[in-house]
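The same chain A turns up in both complexes below, where it pairs with chain B and then with chain C.
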Partner chain A sequence: MQAVGIRNRWIWSARILFLLPVALLFFFFFIYPFFFTVFTSFTSWRGIGAMKFNGIKNYTKLITDPTFQKALRNNIVWALSQGLIQVPLACLVAMILVRKPFGWRGLRTIYYLPNVISTVALAMVWVAIYNVDGPLNAILSGLFGMEKHNWLGNPDTALFAVIFQTVIYIGYFMIVLLASAMNIPRSLYEAAEIDGASTLVQEINITLPMLRGTLITTMTLAMAYGMRHFEATFLMTGGGPAYATTTMGIDLYLKMDALRYSEASTSGVFLIIMGTLVITLLRKLFGSSDPMSEMAQ
Partner chain B sequence: MMKNSRLIAVLLLLCLLSPLAAQGQAESGQQKEIELRWASIWVGNDSKAPAVEALVKEFNTKNAGKIKVVIEPQPDYNAYEQKVRTSLAAGQAPADIFTIKFNPTTATFYQSDLLMDFQGKLDDAWKSTFDAGSLEQSTVDGMLKSLPMETAILPIWYNMDALKSVGVNTIPATVQQMYDTFDKLKAAGIAPTSQMTGDTNAWTSMIWFSHFAVSLGGPNVWDKPFTDPAFVEAAKLIKKMIQEYSTADAVGLGAGGSGGHFLAGRTAVFSNGPWYAGRADLAATPFFDSIKIGGLPAVGEYEGIMISRLQANICAASSKDAAKEQAIVSFLKFLTSPSSIAKIAETSGAMFAIKTDYRPVNNLQKQFYDVNAAASTTAFDLEAALGSEVTLEFAQQLGALALDRISAEEFCALVDRKIEH
Partner chain C sequence: MKHSPTSIIGNTLKWILLISLLALALLPLLWLLVSSLRTNLELQTDPFGWPQKFQWVNYANALAMASLPRLLLNSVFVAVVTVVLNSLVTSMGSFILAREHFKGRDVIYTILTAGVLVPVISFMVPYFSMITRSGLYNTLLALILVYTAVNIPVSIFLVTAFMKSIPKELEEAAIMDGCGFFKRFSMIILPLSRSGIVTAATFCFIYSWNEFVMAMLLTSSVESRTIQLGIKFFSSQFITDYSSMYAAVIITIIPSILGYVFLHDKIIGGLTTGGVKG
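Up next is the complex of A and B:
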């Protein structure tokens, strides 16, 4: 009995010992910064000098700030476009590629290729494409006689232009969905074929329901990415013109740039709240078929 | 068996510790060399890099065994600024020696105890080498936590080949001449000016705006509210420049694009500091020898004011180690000595807050000195006077102004919102 007790103690000690490095890293790089951010969001602090508690002043200032309101609206547009355009596009391509048409391996690589290219390089390429004298205007003018347009310099088109260049990079989600689609038993399609179901009917009634769990996961990931989007927009427009393309991430960065650390923390807390809200909402909407919730049960 | 293992363990421990003990003895036997880390932006392709490197080498040779300065290259200025900010916020000095762009935003760094206050270190002889105005501008609440090093004037650059091609042989002296010149250039298919609203400061257009504002409101214009008629009028002028006298991509364009247009000969008039004169791609242009540096014709009652700024102030980490602080001061005295500054100026063409007898022979560099000397007075640009947050708002709203989304009055009111009154 005593031997079993000593053994259990050893096992627990070993478990704690193995978990300790990760737990420490998690504490120092996530838990501590998180609570520090929340704490500083209730203060007036410029990164240097003493912090002064100022209650919810930063929050009221943030919510009434027209720039932040634009950023919030843009983030919602980003999240929706990533979740509702990019993922369905990725799904469509995965559904085509899973049927292994001619050259599908090559196409799979081509679709995935942008994901291995640096965001900076891609952003610079797109800036050149969207330039007034760039190839996009040349094509549109050549084909349709359209006037040259400053795509990134016009507040009406800048957000669309920035979103478009990321939405078409469907490779990552396409690969995830393709892998999932390849695991659907062939027998289901064979049975449907015997019953006379067309390809479209098969896709709607077999592939999509079987992919539902993966679709929700990819949609959650895509929308979470949309909520925290920063790099490409910052590189292409810096959030301009007139904050037309700014996001909460850019707003946070620029506040830090101006040494408004406590206000940046408030933006950060808001960003965390919004991200959590989006994920919770998605899981509530599709909870019954979410593989993550199944695992949790 | 157990005894043997213990003996081996003790012997191994002794073997590991003995070199450390030996090193400790060696160090106590001679004076320890002080190593100073300098997070320098004057590296890589920077025009000041070769001279700075040579000076550090010279200092290290002179102080061999006593002080050693090690350059930590910081080629990306934006990343470097982030490093300075985050390090200070995290309670650490970014390096023993580092530089900042001094403006109302970075003046916040003076609240940090991590920065050495030069007020007590600056003896009369050393102090007399600095431009008194620059020293005063770098002093906040009696503290001098950064030494003014590089300064700059921000004049207007004219491609005289382009101007001559439309029959204009001199820099416009009046506003009417300026518009006439720009109209002729436009008619000849050359975009007159390189404007931009992109990046975090709309750099080249910010310089133009600053010229307009000081000409309309005087050298102390930045002390006025941004809703002052001088700023409203300046806003109207910069809008006209972007809408009528610039390239079609000016709204949203970054500094790289703005400079690129001038270098490619697509625009004839540009604005930037003296550091741009040292660029190899500028020297390679066919119009390099025709470039004329000057101001803008006075659009208001104030004439002959040149826009200037403290381009780089040098900071040092405070230290409880008196020997280390002394080493830092020794190096900075060497670096900011007139002879060292003359060497850096000679190779880079940059301008400094340290008085030297150096006068450039290179035509373009010489023009900067001449223009500076000819100015009745100098005034800060918008960013140097009002800080980065105000400049960001200026850049963001400038696009809206140029696209007629907001009026000049609304533009000024939006920028004014960001100024801490």
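Up next is the complex of A and C:
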């Protein structure tokens, strides 16, 4: 009996020892920061000195701030464009590639390529492409005789321009959807073929319903990414011109840069809330049965 | 039936879509590559066009100007140490989460992997404050710690899934042979999970090599900055020399492209680990 006890204790020590590094890192970089952010958002802390509680003042200030309202609106536009344009487009491509057209493997590999290139590098290229004297205007004026346009410098087109470049990242969702589409039993299509169903009818009645779970997952992820969007916009426009492209993340960063730490935390809390809201809303709407772990890709 | 007018139109539309997306994925990179080999005069007169003569000197200029070698070295160091650390801690953790049975195991797994749903950029304030207070501000170690931690959810997910797929019989045979806890990990599970760990390590490397926001937040001088900050902030040095700046950018994306050429199967496999069962 005692031998079993010692062995048990030993096994537990080994288990804890193995889990400890991951647990500690996770605690310090996920759990503690979460509570820190929530806590400081209710204070007037500016990075030094004691934290003074000031209730919901930061929150009332934030939601009445026109710049933050713009950021929130832009994030919602981002989330919708990622969820309702990017994912359906990725799905369409996956539905084409699953029928294994010529070169589908190569296409799959190349479509994903931009995802491994740094945003800094690609943002620099897009800034050059959108430049007044850049390639895009050269093409448009050459083909259609369009006037030169300052895509990123004009508040009316800047948001569209920074969102449009995300189409190059389509490969990420496409690959996930394609893998799921490849798992649909061939027999379903064969039966439909015998019934004389056209390709289009097969896609609508077989592929789309079978992809439902994965579509919801990818849409949720895409919209959550839209809510936390920061990097490409920060690099391409810095949130300008006149805050036309700003996002909650940029709002947070600019406040931090101005040493308004507690207000930055408040933006951070909003960012977390909006992300969580998107995820729970989509789950409520579509009743996704997929476990959390499926999102962890 | 096969060549009906509708199917011809459908086919044409299909290929227009596939080729447009192919062009969008490749042309920006090709444009960057070609531009990095042209003279500034050529770039100014026409954004397109083939260089009259390949200007390899742009690459020499890039390497000479922007403290690029130092920044590159920093990036290599950060990415390599991050990958080693992350692989080590997550393979240890995943071993427990995949191969040991105890109450609360699945809860720990769910919490760790749910980390991907957390927008890490909302933690800029606590990260900055933590790193400053611990005296790690403007050190490579700060970046290594943050990157190792931020990659935990994805790595745990990928490696645990892989370790779970190893048949129980292999481990049982080892236990019969008298293998203890550590030997089971180091002699059986770890070698058999190599492929899953490499996949996780690949994602970790890409992230660490490309990361920009945290590096901007937590470092301030050339000694501890990474190449991504280099090409962003030292671009002011290139203000009149765009072609050298493009050469610098090309240098920074070469490792990503090379890695992708060799490891794209692993990356695509890793992306579909979750999708397949969905």
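Assume the second predicted complex is superposed on the first by the 261 of 297 C-alpha atoms of A that agree within 3 Å, B and C clash if a C-alpha of one lies under 4 Å from a C-alpha of the other, contacts with A are read in each partner's own complex, and residues count from 1 in each chain.
Note that in this section a residue touches a chain if its C-beta (ideal position, glycine included) is under 8 Å from a C-beta of that chain, and two chains touch if they have at least 3 such contacts.
Being a predicted model, the structure only gives us computed values, none of them experimental.
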Both complexes share chain A, so when I overlay them there, do chain B and chain C fit or clash? clash
If we overlay the two complexes on their shared chain A, which of chain B and chain C does A:M256 touch? Say first, second, both or neither. both
Contact-wise, after the overlay, does A:D133 reach chain B, chain C, both or neither (first, second, both, neither)? both
Is A:P114 contacted by the first partner chain B, the second partner chain C, both or neither? second
After lining up the shared chain so the two structures overlap, which partner does A:G47 touch, if you call chain B first and chain C second: first, second, both or neither? both
Who touches more of chain A, chain B or chain C? C
Once the shared chain is lined up, is A:A242 touching chain B (first), chain C (second), both, or neither of them? first
Does chain B (first) or chain C (second) touch A:F28, or do both, or does neither? second
Partner chain in contact with A:A158 - chain B first, chain C second, else both or neither: first
Show me the chain A residues, by the header's touch rule, that chain B contacts in one structure and chain C contacts in the other. 47, 131, 133, 256, 261
Note which residues of chain C are touching chain A in the complex, please. 10, 14, 17-18, 21-22, 24-26, 28-29, 31-32, 35, 44, 46-48, 88-90, 92-93, 95-97, 100, 102, 108-119, 121-130, 145-146, 148-150, 152-154, 156-157, 181-182, 185, 206, 209-210, 212-213, 217, 228, 231-232, 235, 242, 245, 249, 252-253, 256-257, 259-260, 264, 267-268, 270-278
Chain A-touching residues of chain B, taken from the complex the two chains share: 85, 88-89, 105-106, 108-109, 111-112, 197-200, 247-254, 387-389, 392, 395-400, 403, 405-406
Of all residues in chain A, those that touch chain C in their complex: 11, 14-15, 18-19, 21-23, 25-26, 28-30, 32-34, 36-37, 40, 47, 92-93, 96, 101, 107-114, 116-122, 124-126, 128-129, 131, 133-135, 138, 167-168, 170-172, 175-177, 179-180, 183, 199, 213-214, 217, 224, 227-228, 230-231, 234-235, 249, 252-253, 256, 261, 264-265, 267-269, 271-272, 275-276, 279, 290, 292-297
Which residues of chain A touch chain B once you look at their complex with the stated criterion? 46-49, 131-133, 148, 150, 152-155, 158, 237-243, 254, 256-261
